[in-house]
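Chain naming follows the written order as A, B, C, D, E and F, and within any one chain the residues start at number 1.
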Amino acid sequence: MLLQLSTWPEVETYLQESTGIIIPIGSTEQHGPIGLIGTDAICAEVIAKGVGESTSAMVSPTLNVGMALHHTAFPGTISLRPSTLIQVVLDYITCLAKSGFTHFFFINGHGGNIATLKAAFSETYNHLAHLNIPGHEEIKCQVANWFMCRSVYQLAKELYGNQEGSHATPSEVAVTQFAYPNMIKTAALNPEVASGFPIYGAVNFRRHYPDGRMGSNPALATPEHGQQFYDLAVKELSNSYLEFIGKKQE
Amino acid sequence: MLLQLSTWPEVETYLQESTGIIIPIGSTEQHGPIGLIGTDAICAEVIAKGVGESTSAMVSPTLNVGMALHHTAFPGTISLRPSTLIQVVLDYITCLAKSGFTHFFFINGHGGNIATLKAAFSETYNHLAHLNIPGHEEIKCQVANWFMCRSVYQLAKELYGNQEGSHATPSEVAVTQFAYPNMIKTAALNPEVASGFPIYGAVNFRRHYPDGRMGSNPALATPEHGQQFYDLAVKELSNSYLEFIGKKQE
Amino acid sequence: MLLQLSTWPEVETYLQESTGIIIPIGSTEQHGPIGLIGTDAICAEVIAKGVGESTSAMVSPTLNVGMALHHTAFPGTISLRPSTLIQVVLDYITCLAKSGFTHFFFINGHGGNIATLKAAFSETYNHLAHLNIPGHEEIKCQVANWFMCRSVYQLAKELYGNQEGSHATPSEVAVTQFAYPNMIKTAALNPEVASGFPIYGAVNFRRHYPDGRMGSNPALATPEHGQQFYDLAVKELSNSYLEFIGKKQE
Amino acid sequence: MLLQLSTWPEVETYLQESTGIIIPIGSTEQHGPIGLIGTDAICAEVIAKGVGESTSAMVSPTLNVGMALHHTAFPGTISLRPSTLIQVVLDYITCLAKSGFTHFFFINGHGGNIATLKAAFSETYNHLAHLNIPGHEEIKCQVANWFMCRSVYQLAKELYGNQEGSHATPSEVAVTQFAYPNMIKTAALNPEVASGFPIYGAVNFRRHYPDGRMGSNPALATPEHGQQFYDLAVKELSNSYLEFIGKKQE
Amino acid sequence: MLLQLSTWPEVETYLQESTGIIIPIGSTEQHGPIGLIGTDAICAEVIAKGVGESTSAMVSPTLNVGMALHHTAFPGTISLRPSTLIQVVLDYITCLAKSGFTHFFFINGHGGNIATLKAAFSETYNHLAHLNIPGHEEIKCQVANWFMCRSVYQLAKELYGNQEGSHATPSEVAVTQFAYPNMIKTAALNPEVASGFPIYGAVNFRRHYPDGRMGSNPALATPEHGQQFYDLAVKELSNSYLEFIGKKQE
Amino acid sequence: MLLQLSTWPEVETYLQESTGIIIPIGSTEQHGPIGLIGTDAICAEVIAKGVGESTSAMVSPTLNVGMALHHTAFPGTISLRPSTLIQVVLDYITCLAKSGFTHFFFINGHGGNIATLKAAFSETYNHLAHLNIPGHEEIKCQVANWFMCRSVYQLAKELYGNQEGSHATPSEVAVTQFAYPNMIKTAALNPEVASGFPIYGAVNFRRHYPDGRMGSNPALATPEHGQQFYDLAVKELSNSYLEFIGKKQE
């Protein structure tokens, strides 16, 4: 059930059954020579919709832009500053908490969002306590990274081994190919791909990772792999969501 | 050309031809008993894509959540505070300006966004001047409201007369029906609809507009109307965009 | 009744009769070769005092500095950033709301303030709701632009036609001449005056509007015109104010 | 020379002679049963104008509202939060520094402003250094409190002794009577006036100072005293200003 | 070499040899019935000093208060909000970067700081790039959690098994006992200790963890264990630091 | 009683006896050729501990870094911006006020902190009133500068006369020598020491005060002097603290 495709009376009805909501969050950032700039948002959105369907959960619009400052030396990247993203998340949760939602399950497609999301949750719990919103102590937030699902991780290892890498990975590219089979990009990839450099500022990042990939070979991705990753992530995250909102999981 | 479905080298190539970008911005807010909560974002996004296709312009991901604080007494509404939205817009433009974009054309689906967007543009011009980004004095932003296109306005008047109203209007609902023909909602609408009250805070708003509509009869909407509005808006905004970036318009 | 010339017990007495207040807001910005830098603040202040007298309303001190970032490439301009002005307006209203005021009528002398004022109102309604100030849902703010009064607009058109322009206009200069007849400035004005360029950043503005005027011929202004504008604006805004606070208008 | 009554070319001319500017700052706060709410702004403004005349200095519009949170339990008080006032002062100085002003002389009418002004100066020096405004290291700010002028202090002691007190003082009330002889207020003053309590929050303040006075007897004020205070303050602050901008003082 | 016990010429000399600095960061938060409120700061500080000695690195004063909002339902806890801590870290690094430092090694004693620290680093890299501080692209920050050192973790497991828990752990208590042998506290500890609840807001935390411990038995701690942990952490982090600043490690 | 060396149940017990707390605040800034960078924090901390012992008051961890932006042109200085320090102080007091503390006695070692601290107190009183923390109107903050104690001032004058100066003074250096007798630094000091220049920005400061001293001769300091200053400050501030929390002083 997508929030954006619902009416407010439908939301009112939903809230009588459940006060949980799924919020997909991605990023709009370079993903190497053949990865889509929207990769992280696309993956988060498609998987969140799948989880919403399988659990009858409400799914909010996707936060398309996250914390990707370290990618901003590549054209097309858009990032919020962490201080901005904290306020955005606080605003989302505050509005929805006033509506009656209590359990916020962020399905996340970008590792760079995790730290700021966790900071935002802390900031928000404190904010809501100060507002004296009734029942504020029941508010719970969780970040669930689809790419860190055990089953997803195992499949990626099995299919790609070391070539999975850590950014512009074949697994995430595969999910975008499954979602947008007409948008599969190709390019000659340098077989020597940079890896192992820690992440600091944007200029430093591009210097070390000149084509944007971090140790990955996204040319290995296929739409069929994408569907496999999708199925695994939806299943695992559906269980996580049900556990999070206190319902028995299968 | 959608930014999220492009790669960074494709963006680099695009920037050699054009430094303009279209940014759809909507809202996630109640739209009365049968209007979708995502109405404003859906309209902005679908029309922006149309404009992007007809002008070969880059289109960024949609800002799904805007400034809708006055609707937050209805469940399901999500709003940024104006101070947050200003920082979000500033972050978007700053990142894209560093990429080389100079002309930012916001296709907007929500009247409540206009004031904050204009404030954000001023804040951003000043910010970029202080950063001494090369060529910052060429940065230009414009907000283009599809629902205020002359041709759109005339058709709405012709089709609906006074029943167009000013929120949860049949014209915007029609566009969403065109975009999502399977999500057409129905409900018994009170023929007496509130209208004419100025907008203040959220509690006050709901007291005066108990079902969320402002003077409108969205039951008049049809997907066929939606296509007509879409065609008119795309045509008119495409011309506006071309004029904005300094190309001759048809 | 001017707040700054009242004592607190007088304010306490006033609040038993009325909870409305008029807040003049202007700007401190270049107004072309012969317009005063304080034009917008002077006009707002003098008209607000007139409205206060005719309606027995309390009038606060004038916000002399507003949102004029686009004029800052001309010496003498002072502007708040929109994010600052939002906090200023929020602070004003919060303090006065705690005093018991509920209706805030901003008489505005500067078009560039409108967007930020509206954003500030939204931010403030939300802020006050969170503070749980008793009766916060009765708080109402309105911006009333003297230069957009129908009668003012008609007189300007009648007196100046196209030479009214849109910045450093003869009508606003006339009001300042009426208010400060000893401060009438003269200079040789280029008969060719720039007009029609949209407003972006400060450097861009000065490049297109080299002497600061936007399509206007302020040399047409006279103090007598100023009095006429003053009379019309006071009459029209007095009615607006009375309507705003719920009293019958003449 | 008042900035608001000047044109931008006049400011340009002024800057060739001097880069100093006087900024009056007051407060809009309760001043006991017979003191005007605008007392601090009125005193700062009238004295600043006098200093401007005697030194040919540019004088900016008055900051009418300052830091008076501790007075907000009395109706009619308007205060900025310190964090807001810091941004306001930073915006003023940044704009004027870009115009070419380098020496900012704040003539202050309210003790409660001093701490925040000093904090704002530090914040601003640092901000301007980061902006790399040419010549930022020449930017200098000073706060000059008219009521702390040695000659003023001595006259107050001589005229009123202990009844000068520390808020709603006869000396400041006298200056407002000099400036606005038609607005002299009277009321029965309790001869027992509270004094000696430190200042904490607003509720606490009103509890200890029930009529708003702090140890003062403003009934002693006369317009003639006001003129004397005015003359002394203008003379002493004119010397301070000339010394500040590096001109020989008389 | 402790920054606070150095003179500025000594810092100048140091910078000719090295541009690295160690910044200890802890927390001031409840640590159960017998753990010191300063546990995390004490551990970070003592270990940072040890690392500073063994590597000849400069060590800054300890950030005693971190992000511990979830502990604020217990008396004595002090926490910064994440948004505040981000600004604090940004200020620290900006000042030190202007001095010439480039490598910032945060030795951290509190898991709750990690997310906000990482967000702060991203915010700061971006901030410094905008300031155009020369060599800003060489600025590097790293968070090193002493309690996550492999050797520390192994010893804790060996000594305490499951009774190590995850807050108010015997390992961290042991380090404080080693640092302050005269401040060893005792109390009757409930052998049933809560564990396994995720961390949300402060009220929720205290409800689930009534005495503040998370699955730990701090009564197992001894000063001798503390010394062992100290030795292991200093050794392992010294190597990490040397690697971070680009020197060969032993 | 040091907060960091207490457990939360000990704090709970303390709060039944007293709701006062001492918060030492210093600075991390250059103190001339032989003064320690941590001088202000060291002095505040050691004296605060003394006051805590003599009055049985709780003492919080030291705020090591304060407002020292004007010293940032010397290497090793770390400063918060005033806007950051305000938020830090607000966070400290908010947390402790929720614990039940009501009287906040800041023992301060740095003149540059005073303005921002006072601004922070005002901001915080207002913030707490808005949060409706029970008993918020009892919250009281005070800044007590050890170096402005009458007895301290007199001894400094007696021992050093004009050579006390106003920064990197022999009196504060003496206290650090008393606290850290092994860290006494020596260097050839220019007998001509700058003095009398007002404080503006950092570059300006260093230009006028090339070795960092302001009119002082710290070579006069001895550890024995330090102990005398310590004893005097502890005695005087202990009385001030007891008076502040409403206990009879000796």
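In this text, contacts are C-beta pairs under 8 Å (C-beta built on N, C-alpha and C of every residue); 3 or more make two chains touch, one makes a residue touch a chain.
Small disclaimer: the values here were computed from a predicted structure and weren't measured.
Counting hops only between chains that touch, chain A reaches chain E in a minimum of 1.
Among the remaining chains, E is positioned farthest from chain C, on the basis of C-alpha centroids. Fitting chain D to chain E on C-alpha positions gives a rotation angle of 120 degrees, to the nearest 5. Chain centres here are Cα averages; for chain B and chain F they lie 53 Å apart.
The distance from the centre of chain B to the centre of chain E, with each centre set as the mean of the Cα atoms, comes to 46 Å.
Here the spacing of chain B and chain C, counted between their Cα centres, is 29 Å. Chain E and chain F have Cα centroids separated by 24 Å. Residue numbers of chain B whose C-beta contacts span two or more other chains: 72, 81, 83, 87, 132.
Residues 2-12, 15, 28, 30-38, 41-42, 60-62, 64-65, 72, 74-81, 83-84, 87-88, 91-92, 95-96, 98-100, 180, 183, 185, 187, 212 of chain F are the ones touching chain E in the complex.
Listed in rising order, the residues of chain C touching chain B in the complex are 67, 69-70, 72, 81-83, 86-87, 112, 114-123, 125-126, 128-129, 136-142, 198, 200-204, 207.
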